[in-house]
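Okay, got some structures for you below.
Consider the two complexes below, in which chain A is the common component and chain B and chain C are the respective partners.
Up next, the complex of A and B:
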């Protein structure tokens, strides 16, 4: 428990983590406002396949915040602590305090999940309330289960970023990969046009947990989506855990 | 002139820049071969932006190379000018190669300018991870969204119109030079 508390304090003490926190909280509501006109036109033209998606759709952009949080949880440990001591990294101190590596990884994952889940819940509530405010009953509120699934997706993306950074040990590579993939025309989404298998990449398959009308070549039910997404996260975390256990810090 | 040569020497011998450039070119080629619909450069521009960020932010990474640099070139505005010229000379062929591989040669100047914007942000933020987060979010998410939703803004965005791209690059480099001039190099 003390390890989780320590990790929480370290995470919330990072300036870049606050960039992630604020970006995650503000991006989705801002997108609701930016998209308002287009959404109204789309509803009027009847080109939306599932109207109940609209409230949750804008949430997707906020996972950027979760990604940044997942990346800095790890990358901050590997950054040189000062310009005079390029070899000294926080990780050395961390491992002195918590020598059992699996326990450390679990504590970090717990602290990260907590922060990201709270962020996701707050953002989901704010986004849905704002959507209700702007569109009234034209956009029906999604069932609570779907909102929970969205927050779960949010948390899993944070853990995914955490696992990839642990493997790559480099924040820049992971962040580039993840942001390129959450761009407006997502890279994985384009890959689904090349091969239908790309629909099972974590970011696409995870979105099926709470969105209904995603245009991909295969049909994926929310439960299958949840299972595949969990498998991705668990698999990558296992690889990351193994490497972290074996490699010289 | 010596300062420019020194800065070019630093840029072309930095392993992280070689890795970034070769990864970017390799991915560009791969996506082109895969036949991804739409612009390939839209995605691989990310690698070029990282290149721009690292070109300035690397001086502040472990070791504090910036102090040695400033010892050799104490006049900071002259240093900023030398760095800008050096980066432009190095960035142009990298951006050009990426544009050729993507089959979008006319995009070369625009992409080069975006690398200068990234370098400006990297020099101001001085933290590579944070700067990469900011620049990539701006170019890959905020700009396309604004351009799609508020078409009137397209003329003013750094990545959609020619004059705007130039103005953004000049403005960011000027802001970075000002920060370099007035801020303590250690903080």
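Up next, the complex of A and C:
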């Protein structure tokens, strides 16, 4: 427990973590407001395949916040502490304080999951309330289980970013890749045009946990999506843990 | 008590530590001396469980460092830099370290006072001078009031007053019964405070014993050092 408390304190004491926290909290509700006009027209024209998706769809952008938190949890350990000693990093202090590496990684994952789950819950509530405010009954509220699934997805994306950064040991590369893939060009989505299997890549399969009208060549049920997503996260965490154990700090 | 026994380590294909063995005993300051790149830092990192040896054991009071619960109460380490993320204040850094080992917050203020950083505790570690960074690193090492201290080049970056303070502090620590192991490439500095000396060169221990034994027939520790190591032939 003491290790988790220390990791929470560490994460919430970083300015970059607060960028992730606030971005995650504000981006999705802001998008609801910005998209209000377009959403109304889309509903009127009948081009939305599943109207109940609309409230949750805007949550996607906020996942960037969860990614930043996942990356920062690790990258803050690897940044140089100062110009005087370019090789010195916080990781040395971290590992002398909590030298059992599995315990350390578990404590970090727990602290991150907690922060990201709270962030996801607050964002989901704010986004759905705002959607209700803007569109009334034209957008039906999704069942609670779908909201829970969305928060779970959100948390797993945070853990995915955490695992990838542990493997790469570099926050900038990881964050750039994740942001470009989720906000600019989705390589995963482009790949689904080549092979239907690409629909099982984490960012696409994860969205099936709570959205219904996603345009991919295969049908994936929410439960299958949750299982595949969990497997991705568990697999990458296992690789990250193995490497973290083997490598010199 | 620190016992290092037959520790070997490779980096890539190069062998950087070759069956390194020595002990550091309670109540004594043990100086770990060697030219740059001889393997001092690598040995200390193996001792603290940061790096993995290919073979051999490094124990603190009979167990590997990582096997201790609340390890900060067993050994304190000062390695390169402050060890603090540059965006964190000194106080915030010490507080998370204290929390990780279940140490009380009051201890944070005590160590800040001990190293003379109370007035600067609200400053971000990235704004610290080299000397302040070393003092913050030392404060972190002292949080758990450990009976064993492991310090890598502790006087690097300190001004003359800081060096004198460090010397007195380490001497007092040993006199109180602590085990003090410090590495240095500064012979003069070590000769002033070490009771025991271990000399390492190109990954091998080339001499160990009390200061007098290692100095042996040489006029000074520096002469002994240069005679024993490759540093005697700089080109």
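Here are some notes:
By definition in this document, the second predicted complex is superposed on the first by the 247 of 249 C-alpha atoms of A that agree within 3 Å, B and C clash if a C-alpha of one lies under 4 Å from a C-alpha of the other, contacts with A are read in each partner's own complex, and residues count from 1 in each chain.
Keep in mind that, in the parts below, contacts are C-beta pairs under 8 Å (C-beta built on N, C-alpha and C of every residue); 3 or more make two chains touch, one makes a residue touch a chain.
Quick caveat, the model's predicted, so the values are computed rather than measured.
Of the two partner chains, chain B is the only one touched by A:64; chain C is not. In the superposition on chain A, A:35 contacts chain B only, with no contact to chain C. Of the two partner chains placed by the overlay, only chain B lies in contact with A:23; chain C stays clear of it. Of the two partner chains placed by superposition, only chain B is touched by A:193; chain C is not. Judged by the touch definition given at the top, the superposed model places A:15 against both chain B and chain C. Residue contacts after overlaying the shared chain place A:137 against neither chain B nor chain C.
By the touch criterion defined above, A:92 reaches chain C but does not reach chain B.
In the superposition on chain A, the residues of chain A touched by chain B in one structure and by chain C in the other are 15-16, 79-80, 84-85, 87. Contacts from chain B toward chain A in the complex involve residues 34-38, 42-43, 46-47, 50, 54, 60-64, 67, 127-130, 132-134, 136-137, 140-141, 144-146, 148-150, 186.
Residues 45, 48-52, 65-66, 68, 71-72, 77, 79-88, 92-93, 95-97, 99-102, 125-126, 128, 130, 133, 140, 157 of chain C are the ones touching chain A in the complex.
By the touch criterion stated above, chain A contacts chain C in their complex at residues 2-3, 5-6, 9-10, 13-16, 76, 79-82, 84-85, 87-90, 92-93, 95-100, 246, 248-249. Listed in rising order, the residues of chain A touching chain B in the complex are 15-16, 19-20, 23, 31, 34-35, 37-38, 61, 64, 68, 71-72, 75, 79-80, 83-87, 171-172, 175-176, 179-180, 182-185, 187, 190-191, 193-194.
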